[in-house]
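Taking it in order: structure first as structure tokens, then the write-up.
The chains carry the letters A, B, C, D and E, assigned in the order they are written, with residues numbered from 1 in each.
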Amino acid sequence: MITTVCLDSVSKEFTDKIPSTNIGEMCLDENKIVWADVADPTSEDFTNLAAEFNFHHLSIEDCRKEHQRPKVEEYPGYYFIVLYEAELTGEHDHLELRELNIFLGANYLVTVHSRPIRAIKTAERLWHEWTDRAEHGAGLLAYLLMDAIVDDYMPLLDILSERMDELEDQIFGEFQPAALEEIFRIKKQLLYLRRSITPLRDVFNTLLRREQPLFARATHVYFQDIFDHIIRVADTIDTLRDMLGSTMDAYLSVQGNRMNMIMKRLTSISTILMSVTLIAGIYGMNFQHMPELGWKYGYIFALLSMVGVGLLLYIYLKKVKWL
Amino acid sequence: MITTVCLDSVSKEFTDKIPSTNIGEMCLDENKIVWADVADPTSEDFTNLAAEFNFHHLSIEDCRKEHQRPKVEEYPGYYFIVLYEAELTGEHDHLELRELNIFLGANYLVTVHSRPIRAIKTAERLWHEWTDRAEHGAGLLAYLLMDAIVDDYMPLLDILSERMDELEDQIFGEFQPAALEEIFRIKKQLLYLRRSITPLRDVFNTLLRREQPLFARATHVYFQDIFDHIIRVADTIDTLRDMLGSTMDAYLSVQGNRMNMIMKRLTSISTILMSVTLIAGIYGMNFQHMPELGWKYGYIFALLSMVGVGLLLYIYLKKVKWL
Amino acid sequence: MITTVCLDSVSKEFTDKIPSTNIGEMCLDENKIVWADVADPTSEDFTNLAAEFNFHHLSIEDCRKEHQRPKVEEYPGYYFIVLYEAELTGEHDHLELRELNIFLGANYLVTVHSRPIRAIKTAERLWHEWTDRAEHGAGLLAYLLMDAIVDDYMPLLDILSERMDELEDQIFGEFQPAALEEIFRIKKQLLYLRRSITPLRDVFNTLLRREQPLFARATHVYFQDIFDHIIRVADTIDTLRDMLGSTMDAYLSVQGNRMNMIMKRLTSISTILMSVTLIAGIYGMNFQHMPELGWKYGYIFALLSMVGVGLLLYIYLKKVKWL
Amino acid sequence: MITTVCLDSVSKEFTDKIPSTNIGEMCLDENKIVWADVADPTSEDFTNLAAEFNFHHLSIEDCRKEHQRPKVEEYPGYYFIVLYEAELTGEHDHLELRELNIFLGANYLVTVHSRPIRAIKTAERLWHEWTDRAEHGAGLLAYLLMDAIVDDYMPLLDILSERMDELEDQIFGEFQPAALEEIFRIKKQLLYLRRSITPLRDVFNTLLRREQPLFARATHVYFQDIFDHIIRVADTIDTLRDMLGSTMDAYLSVQGNRMNMIMKRLTSISTILMSVTLIAGIYGMNFQHMPELGWKYGYIFALLSMVGVGLLLYIYLKKVKWL
Amino acid sequence: MITTVCLDSVSKEFTDKIPSTNIGEMCLDENKIVWADVADPTSEDFTNLAAEFNFHHLSIEDCRKEHQRPKVEEYPGYYFIVLYEAELTGEHDHLELRELNIFLGANYLVTVHSRPIRAIKTAERLWHEWTDRAEHGAGLLAYLLMDAIVDDYMPLLDILSERMDELEDQIFGEFQPAALEEIFRIKKQLLYLRRSITPLRDVFNTLLRREQPLFARATHVYFQDIFDHIIRVADTIDTLRDMLGSTMDAYLSVQGNRMNMIMKRLTSISTILMSVTLIAGIYGMNFQHMPELGWKYGYIFALLSMVGVGLLLYIYLKKVKWL
């Protein structure tokens, strides 16, 4: 399904929706800024796009195949951009990464995606509110869209960061085995997030240093802003990964500490019980000449010895912190 | 065994198979595009190649020796390319890497390999189907061949990725010792895969930034596409390696957890059994004055004490989660 | 709240405080050096700033949003700089990072911060004392401010370094479990400190290699000095991180050593007690023909055997360092 | 001891051995290609070299001191190259690294070494067999020598690789403690090998990108070939290191697994023996009213109970895989 | 205290010591090469230096503050260099790093240090012995000084390397707990050494690639030599760090192995003693019908059973290597 919005940069008015077969024609007029959004594209839509915009078949192929890595490729007359919108969905905060393909020309923007992209709504609203939108061409539109996507990573990372803080508290407090599984789930999510944002860093870096005939200098500043946000997101992801590694180390150390604690306790309990049992064993011997056996309070004496030895050991072991 | 295909870029027709001793001659005609495939080359084949195409003896030497690292080398008039086709074969998914040597000139492509390469079939088929094949020279042929090889890495990595997901589930669920061996097998396979793809990344990066007299700008886009796929494969391998590392960490932590569990259980069982045995020991003492010994239900009382102490300890230890 | 200081570089005198709505006007006069400090900015302040100095709305936006990554951005006519002042506060040495936004023009400096920044006081004082302050323009002011902030990192790192030395001593001496938590707190603080200083390293590196029309060569040396201090801080942070990692390794090894010690002790104690109990068990057997049972000093003999066996084992185990 | 070989590039004949004091003179004739090999150099030899060839005293100093890092240094009129030949010697495959210093001029090659270098023999033989040796000057000679040295690393790495495969099998099979020591020995050998080859990678990379007045373009290809082999060796070393790291991880995990196994077994055996002993303890009590004691088959009954309880526990523990 | 040495490059004679207030004057004469050594500088000395040589106040500030990172900074007319001399002192081989500040002009060298620097003596001696010292200006002096400092790192690293070899032997042989503390001490020393040498690597690399108006080409070779030695030291430090890491890994593995050994022994001893005790327990039962109890050699039989069971278990456990 192709939806189009078209802005006349002279009259500064939005023109009516245009049929999808006339888009190419419309784009020839440099005073029009055209946004064509292709949701859940059919094979026919791809053929249309290729025909209307004269896109290189390799970029069309990339759209069709999906699961591309995030990238910005320069083709004659347009950029082909792949981005991923990230969202934590469902009860268990499953990480969903939704692919968005962008064809960015001087005065047109074509967005292709098989799943609904929230940022498209945001970008459209902001574009309608933007005062000097007619002066920046399709570049501004691309900025609003990419910025909405990249900025959405930050609150998501804040959620993961809070989760990690809770996990850390659990580790030093009372530990729940489920926390371990949670740590690894977050680790994996950070890996996927990183994979979907860091390749853009290098590409934007290269793009911003190059001569860019497609966009004016004033628009260039906006791309620098996206680059800044991408770095911020990438840095935050790296910091979270470092902290998660540190949390894992903490967990392993705490685990080692607990093992030491348990072993000391085992040794202590064994020592106490074995010592006491030894006394019982001694008075269970069958010697004919064992004076204590004949004592009136021999039994009481034996029991008291047992309690005494047990208590003494207990106190000693408590004192050296083995119990 | 040398097989040849020859395309006339003027008549746009395939010419008949040509005898291997005439290939060099044929290549002098710039309107011909020649593909010579040398399977399981004999010493004579190498001599032939060197004579017909005037290849530098160092590149011929590399072909002959095999086990080269993946690379792209520039020689006067042609590129010498080494690639590896990857496949998981056999019941235990053994990773097989098959070396392919490519000599790429402006209007000829020579492929040398001692084991059958699947991608050659694919590339040949696609070339015959390609509409504007006559315009791109031997570059298109090289693209189709390399692309077929590089793209084959992705499904293979998907298989490894699925296997890893299964292993991760096993780690947090019921663990099979064989899983550990499996983890290390995958780790090794990823190491080999990485070694056979990442060197190409840097080489292609260098090549694409250079002035390239051999191929037209239109063909250049195809090489950029291969570069993009190589990065994608390399990134995926790195991500899988990261995840495998994370799985190993998880495994070690889970192992530590289990050890803690076992030690607690050992302590608990020892404590219970020793305590109960102590009671038996007490009533096994031979004091003359032990009132319980004379009781009618003394024996029952002792047994009940044992059960009681055992149960109390059991309940307590269950409550503090040591059992 | 906007506070302003204004220096006349001709008369070399400080002029009176100027109303915030005249700052822009004042800055047009190239002989004035203006410092406007905006503490706890209101929405109105931001509008004022944008209007008076004609700042790009993207940089105003960054100020407003806060939590930016440390950076230096070049806008037409001014630099936009984000820095963090670091302080250990409170009883538990909580690390506080206070954001400072700087707009640096050729002859003006605008500082924006929502929390009080100590370095502002320091920089102001040093500026008033500086002899050739009129010759360096706003660049000197920026240097004094940034240098005060960056230099404050060093004493803070010294505190952390001392803390780490104490922790290390604890690890090889008598270990307190709280030390582990302390290690991880420092690790986290170093992570935050690193994140707030290292991005500046790369940016300054780039800036210093570029042609810089805004400032004279004589001022350039001061920025090189800040760069040098940033590297020093960043290097120290990295060294501390390495040493903390090393301390963690030491901790884990010491823990392992202790575990070995405990296990040996457990084995030793079990062995001694079990051996002694065995003797008691033997003489608790009910055979009719056990000569020792009838001996006069059989009991004494048995007790002495127990003590003997226990002592021999004890001495042996002490000798092999298991006890 | 100085040995010389001299090739006349016009007559293409080898001239007779020349006295060591005439070498410098000989080298002035551009049509001669001179190779002077200085084995086990005396102080006098160094003085001679410096005088004959006019070598910079810093490079002579490096030769004299030995234990230089592998490097290629450019001096006016010649390159000074340090390489290490690697060999596994003796029964325990001790790694021997033999230093070779090369002075490479346009038409002369001086090799200095205190221990015999096998590659010198190989290079000499190949040079005598080479057909167009007169056209490449001393560069070819350097290529043959360096290539012989670098290529010798590969079979050595193959040996280490095989050893590692055996070790890995041992780890998952029946483990011999000696294997651990072997792993660390290989690790150290790889460290030394890496140290003796990787510095060359960067140097060659720099050299090959530079304008090189000393050698013709045709000779340049040979240096590229050495560079390629150096990368191959360096990559292989890195891969082996990665695999060794992975083997170590495997070893630690297997060790952890075994510990878990042992602990389970300990718990199981203790449980069985303690339970059976408890029964004996019960019937060792001295109550007057214990009906079983009077039973005719009481003893048999007790023994059978013991066997029964032991067997039941054994079967149960076998089933849950603790034994 | 300021000491001066002055060489006249025309007469090639050393002139008499000059009063510290005339140094600046002397340096104006390009034919003089002046070395001023400022040991344990007072505040007055710094004022003098600034006045005489016209040093930038930032570099004077760096001297005054001390604890700078190693660096080479370019100021108009001179280089400001910070280096550290390393020495192992005292009984426990405490690592001492002594800061040396160098101001290097075309024909003067000013060295500032608060602690005695051994290399100064060495450099002075070598300078006096050097034949063509008059031709190289102050650059040669700087070379001799820096080279003496950098070369002193190597024997120090050799000492650490030998210590590490001993530690490694201890780990696989009989382990002393003190070895662990030693490992961490060396680790820390390597960290400090690395921090005091590696920053120079990058700086020298940059310096050597730049156009250098201060020194002649002939002197340039000497700086390249220092650079080479710095790399050698840095590489050796990295190798030692790698090896120490490997030693730590070995230690942890050996520790794990020992733990396994101890646990097996504990299990074995428990098993033997418990089994033998069980027999005693059985014959301690009070059944009326226990035929063995009435046997004449019942007691002997029981003791022999105990010894037999104990021996059988012992032999079995020895055989499976658990004891």
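Quick note on the criterion: a residue touches a chain if its C-beta (ideal position, glycine included) is under 8 Å from a C-beta of that chain, and two chains touch if they have at least 3 such contacts.
Owing to the predicted nature of the structure, the values given are computational and were not obtained by experimental measurement.
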Checklist entry - Which other chains touch subunit A while also touching subunit C? => result none
Checklist entry - What rotation angle superposes the Cα atoms of subunit B onto subunit D, in degrees to the nearest 5? => result 70
Checklist entry - Once you find the CA centre of subunit A and the CA centre of subunit E, what distance in Å lies between them? => result 41
Item to check | subunit C and subunit E, separation of their C-alpha mean positions in angstrom | outcome: 25
Item to check | Touching two or more other chains - residues of subunit C | outcome: 252, 256, 259, 263, 266, 270, 274, 277, 281, 284-286, 290
Next on the checklist: Testing understanding: with touching defined as stated, what is the shape of the graph linking the protein chains, line, ring, star, complete or other?
Outcome noted: ring
Item to check | Going round from subunit D, first to subunit E: chain order | outcome: D, E, C, A, B
Next on the checklist: Taking the touch rule as given, give the residues of subunit D at its contact with subunit B in the complex, in rising order.
Outcome noted: 168, 172, 221-222, 224-225, 228, 231-232, 235, 239, 242-243, 246, 249-250, 252-254, 256-257, 259-260, 263-264, 266-267, 270-271, 274-275, 277-278, 281-282, 284-291
Next on the checklist: Residue numbers of subunit B touching subunit D in their complex, please.
Outcome noted: 56, 58, 68-69, 71, 73, 75, 177, 180-181, 184, 187-188, 191, 195, 199, 248, 251-252, 255-256, 258-259, 262-263, 265-266, 269-270, 273-274, 276-277, 280-281, 283-286, 290, 292-299, 302-303, 306
